[in-house]
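Below you'll find the structures, each written out as structure tokens.
Each of the next two complexes has chain A plus one other chain: chain B in the first, chain C in the second.
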Partner chain A sequence: MLRSIKPKGRVIALFLCIPVVWYVFSVFVPLITALFYSLFEWKGGPNKTFIGLENYISLIKDGTFWEAFSHNIYLVLVCIVGQVGIAFVFVLIVNSRLTKLKGIHRTFGFFPSTISAVCIGFIWMMIYDYKRGILNWILEVTGHADKVKVWLNEPSMVMALVAIPLVWQFIGYYMVILLSAIASVDTEIFEVAELDGANAFQRAIYIVLPLIKNTLLVCITLCVAGNMKAFDHIYTMTEGGPGTSSMVMAMYGYKVSFAQMNMGYGSAISVGIFIVSLIVIGGSQKLVNWLMRDKGVE
Partner chain B sequence: MKKKFISALLCAAMTASMFAGCGGSDDKAADAPAADGAKEEEPAKEEEPAADAESSETETEAAADADAASDSASEGGSLAYSGEISIMHYSTSEESEGNGGSDGFRTMLKEWQDANPNITLAENVLANDEYKTQIATLAAAGDLPDVFLLQGMNTKAWAEQGLVMDLTDVVNNSPYAADYKQDYFTPFKDGDGKIYGLPVLTGGTCTVVIYDKQMWKDAGYDTFPTSWDDVLAAKEKFAADGIDTIAFGNSGKWQANSCFMSTIGDMFTGKDWFQSIIDKGGAKFTDQEFVDALKFSQEAFSSGVFNEDFNAISNEDAREYYISGDAAAFIGGNWDVSYVMATLKEADEEKYNNIGFATFPSIEGAKGDTNVQNIGLGYGMAINSKVAEDPDKLEAAIDLIYKLTGPDFANYVATNYALGGLTTVDDVDLSGFDQVTQDFYNWSYVDTNTCEIYDSYVSSAVWDVFNTGLQDMLNGDKDPETVASETQEAYEKNY
Partner chain C sequence: MAQMEKIKGSRTPAQKAKTGALSFFLNLLMLVFSLSCIFPLVWMFYSSLKTKRVFNADIMGLPKEPTLSNYQKILTNADYHIGQSMWASVRTTVISILFIALFGFIVGYILSRIKFKGNRLLYVMFLMGMLIPVHSLLVPIYIVFNKTGLGNQWFTLIIPYVAFGLPMAVFLVEGYIKGIPVELEEAAAIDGSSFTRTLFSIILPVAKPILVTIAIIQVFSCWNEFSFALVLIKDVRLQTVPLAMTMFKGQFASDYPKIMSAMLTTMAPVVILYFVFSKQIIKGMVAGAVKG
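And now, the complex of A and B:
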């Protein structure tokens, strides 16, 4: 019966090959061409000069690239704690028996994730604005006029200030993922734990965390990957400024390729981003696994 | 059987639409955002989609024009050539509504076509962003159209590769040679002084001080001060009222270069220094005069004359400070002037009539020119070197570029838009315009000395480094010497 409606292998292969071809075309082809171009000195015109690994040698010595890398790592750390951490706490709160209107919390919590990055950037620029921003206004009316600043022009603070919108936007996103993970856990387990006298904190650490470990791992990977390629929020708010104080790797690659029209070196930067991102993402997975090793559940 | 056929068809349609998304997207402005998105993700792939679209769209309107022309005009031109001339430009019909340069360009093309019915103009019209990509791709493939707009920055590279024709004699033998504003040719010269393009469209300043005559009068100045010390003195008066003296926005980083340093630099170094930078004639960014200019800029921006958040807001925000009266003056480019004028005309007639224009005041210790502003034409009409193979065709092409850059064009844009081009025209009748517009015309084209727009030359690789350092420096986080030496390093490496 089943066999009669099962399509031929050929047909299945044909359908499968559409996404495969698309994937190869949009991921591998650019990656390999970037790898190829990164071996040239190419200023965007018709002339390319083969220079071997020279671009990579300058990349390793390029202070701006490593400064941008450190900003990405900063973002990753802030966002793992901020996005996934806060989302986990929110999930526990929303899931609590005492919380009313859970649906509304879920919906509104998720809402910022649906707004485009450029809008988020503009919203937060208005908050930070020197003359008309809410932040400075609050400081003034609460009598802290001396603390008023041109916020996005403070090299030492700018990374923290651009990280806040990122955290704010994506809490809801991880909340939804974690909520669905918890929903799939048998509620009897929580009830039993409660009867046995475990308090909320103990239930979170010893019951919930191990049970949703794999989902948490996915969240962290998503978070790391998302922040290694951070671009749009920061581009809207500061364009990497002042100077290079909020420069991230993707933006540096973009600037070198398109603002400086240095395609060869820009390609080398893209390959560099690819490699360090792989290392960071792989490393973070290993780290999480290691931290969770004695929490029982595989 | 039927299902199979339909599924195969769907399959084909999907695949086709997928690839259609990648190729041939350059001909429609609506597709541009998608193309931009792809760019951001993968820099190296950028060249491919453009190449696909290479020769796909020649506007049919050109053919229609030609038909109409051959019907109406029998007087014909004096040109021996008959056949096709391909031209590529970015004065789209949408652009020409409200943009004087584009409108003038299209009008001149139409007039020339009408006068030369034997010649078919094959026009390829793209929006500016797409034009730049497309023309670079065509240059890479050695397949440029007969006549096109050459961007100043590309002149040297393309001339070296023999892609564009040497037009030095064409310029010197031009019937309008005496009226050409010679300074405008600088971006289109190579190191030996050969000219490869006739500057086209309209020129607009990049550094103009817009000030509110009434506010300055209240502060005790009849016009905008001509010395920087007076501006510093005026600052005290404005600050007491909680008003910024001059509004400026540099969040995009290019503003401090195009709309400030380019003019200040000239005031300190004089013209020869920058010419030598362009020609690689030995001048350095680390030269004392230029470092002095940087030092002055750093002091100026820390003096409190400018709004405190200048590095965090864009020029679009800064001009709003002027419009709302939060600042007594504003420094920006011609594009800001048109916005400020249009907005105030609508909103506040009195403040509109109080608009005054000034150059940057003179600075103690600066040895170069005073009363300068940087103005120029970014594109020049160039001819593909292959056209020389057919002398008749070449003659026609030269006639065309004379027309597009000559007095007809200048007259048209002056009388209709109060704008100027390459050719000077005497006795422009500006009486149809109000006083503010007339003032701006005279300020732009008559009453001021001109200097070069830095980033029309050299290489974007150098300016990106400079602009980034400059932003830090204006904040006080970097010293002028460091910025100068970093820029010099990028200059030696990339130019």
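And now, the complex of A and C:
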């Protein structure tokens, strides 16, 4: 804080007013608007009827919303294991003396996370395609022609199939974040542990893990938050289908609001997404903190 | 270290073979992963040089008679509006970044250095911006923009992009300014420099590295942003790149080489940027993710 200098309050207010108004207008005004319209039956036209909490009561009973929510949770779990978990293993591998081309792994691995979700979605649609897809091509070449199918039309598999691109896209991202956390640790600590006879697994659990605990927590939070808002990939690949088998919350809110023009209920869903996401993100942080409580080396 | 060498030296041939096999396996695993990350780019590139017929006959083979006809088609046919959407994306991205950096710099500086009533309140407000699940604003922001007539304009997307990019920028700047000695501004003040002048001609150059980091992070998030563009833009001429790409889905879904050439064209700016400055970009993104 500056103590000796006291700029005029007017100057400060002048500097702050535009950014603050801009920010409040785009973040808080829509939130309050959503709260307001969620109390109405409103199809986007000039007429709306006040119906109190009815939208919220329907939301609680809405099976599709909770199915979408469970898909979000599924993505969160798959991606924590798939993205952060695999990234952690890769970090151990890349960090070991046995591995070469570390720079290449870093640059190439990080690359998919800089590409738009729409492009990633397109690429994987091409991989899953029935007639011209790489997956079916591999199956045919390896002599499993009977397993060939229209992949994204399988309700039981579609969630796993849309989760794979997500996992693939961000492994490198988390790998690089974790690598930079390990880079700040003195390498001597690993050598000493090796001399003391700790095997690779023990070193990973008892030395690496506690040292990068905070970064790991950041990664998990990013991962949870990122998957609660899953939308772009799903929109490109399946639009929530077949039926509702790959529906996620944001997709459902979008469909109700824009395909059915049910803006009142769409607003209620938005508020629902807001609350549910905050609970999940906050809860996951508490949980991870609690799980890691006695692994620290403070 | 000497001790380490001794241990390595005393390994039996069997152990050496085991280490060698392990090393081979680990390197192979990482190589497969790295190549899988870059493979779609390579595959799309050489496939985009094929015609639709050649591609459908053999999806993996290299093109025997490479042709640029796909690129010619997508660039000359106005229906695909590739050029237009790229211009819309460039414009939106550049203006958004300038505003994010400027606002982030001003607000971050004031929050970290100036004591005034409401400083903490403002701090918490921007902190909330980091925690709020932004995607829940998708429908509400559409309603607000529709009511106020801000939707579907050339500047529409700049508004949410700046607002959503601001919290991270504010905290990155705030943290950075804390590490700069206060004496810098005090000396300037003694020399008679006004607050505004000190801010822009003394602090701004010092804060340049963090502003570059912010710009790097935002280039990618603005260029790739899809959901808000989808909701807020109805006019085809105003579509940004990701939105324009979804048009390909229905119309030309069967012509993969053409879609690939369109994807590569619209990806080109960020791909080139990434591979030229990958070190700085990775560093910037990591800083943003961890500190933000």
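Basically, the second predicted complex is superposed on the first by the 274 of 298 C-alpha atoms of A that agree within 3 Å, B and C clash if a C-alpha of one lies under 4 Å from a C-alpha of the other, contacts with A are read in each partner's own complex, and residues count from 1 in each chain.
Operating definition for what follows: a residue touches a chain if its C-beta (ideal position, glycine included) is under 8 Å from a C-beta of that chain, and two chains touch if they have at least 3 such contacts.
Keep in mind it's a predicted model, so treat the numbers as computed, not measured.
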First (chain B), second (chain C), both or neither touched by A:Val29: both
Touched partner set for A:Thr114, first chain B, second chain C, both or neither: second
Which of chain B and chain C A:Lys43 touches, first, second, both or neither: first
Most chain A residues touched (candidates chain B, chain C): C
Touched partner set for A:Asn153, first chain B, second chain C, both or neither: first
Partner chain(s) touched by A:Val176 [first = chain B, second = chain C, both, neither]: second
First (chain B), second (chain C), both or neither touched by A:Gly253: both
First (chain B), second (chain C), both or neither touched by A:Ser267: both
Partner chain(s) touched by A:Gly85 [first = chain B, second = chain C, both, neither]: neither
First (chain B), second (chain C), both or neither touched by A:Gly226: neither
Contact residues common to both interfaces of chain A (with chain B and with chain C): 11, 15, 18, 22, 25, 29-31, 33-34, 37, 129, 131, 231, 250, 253-254, 257-258, 263, 266-267, 270
Sites on chain C touched by chain A in the complex: 1, 3-4, 7, 19, 22-23, 26-27, 29-31, 33-38, 40-41, 43-44, 55-56, 59-60, 103, 106-107, 110, 112-116, 122, 125-126, 129, 131-144, 159-160, 162-164, 166, 182, 185-186, 189, 195-196, 220, 223-224, 226-227, 230-231, 241-242, 245-246, 248-249, 256, 259, 263, 266-267, 270-271, 274-275, 278, 281-283, 285-286, 289-290
Chain B-touching residues of chain A, taken from the complex the two chains share: 11, 14-15, 18, 21-22, 25, 29-31, 33-34, 36-38, 43-47, 128-131, 150-153, 155, 231, 238-244, 250, 253-255, 257-263, 266-267, 270
Complex contact set, residues of chain A against chain C: 1-5, 7-9, 11-12, 15-16, 18-20, 22-27, 29-31, 33-34, 37, 90, 93-94, 96, 98-101, 104-112, 114-119, 122-123, 126, 129, 131-134, 137, 168, 171-173, 176-177, 180-181, 191, 194-195, 215, 218, 222, 225, 228-229, 231-232, 235-236, 250, 253-254, 257-258, 263, 266-267, 269-271, 273-274, 277-278, 281
Complex interface listing, chain B residues touching chain A: 7, 11, 14-15, 18, 22, 39-46, 136, 139-142, 154, 157, 161, 251-253, 307-309, 311-313, 321, 326, 459-461, 464-465, 468-469, 471-472, 475, 477-478, 494
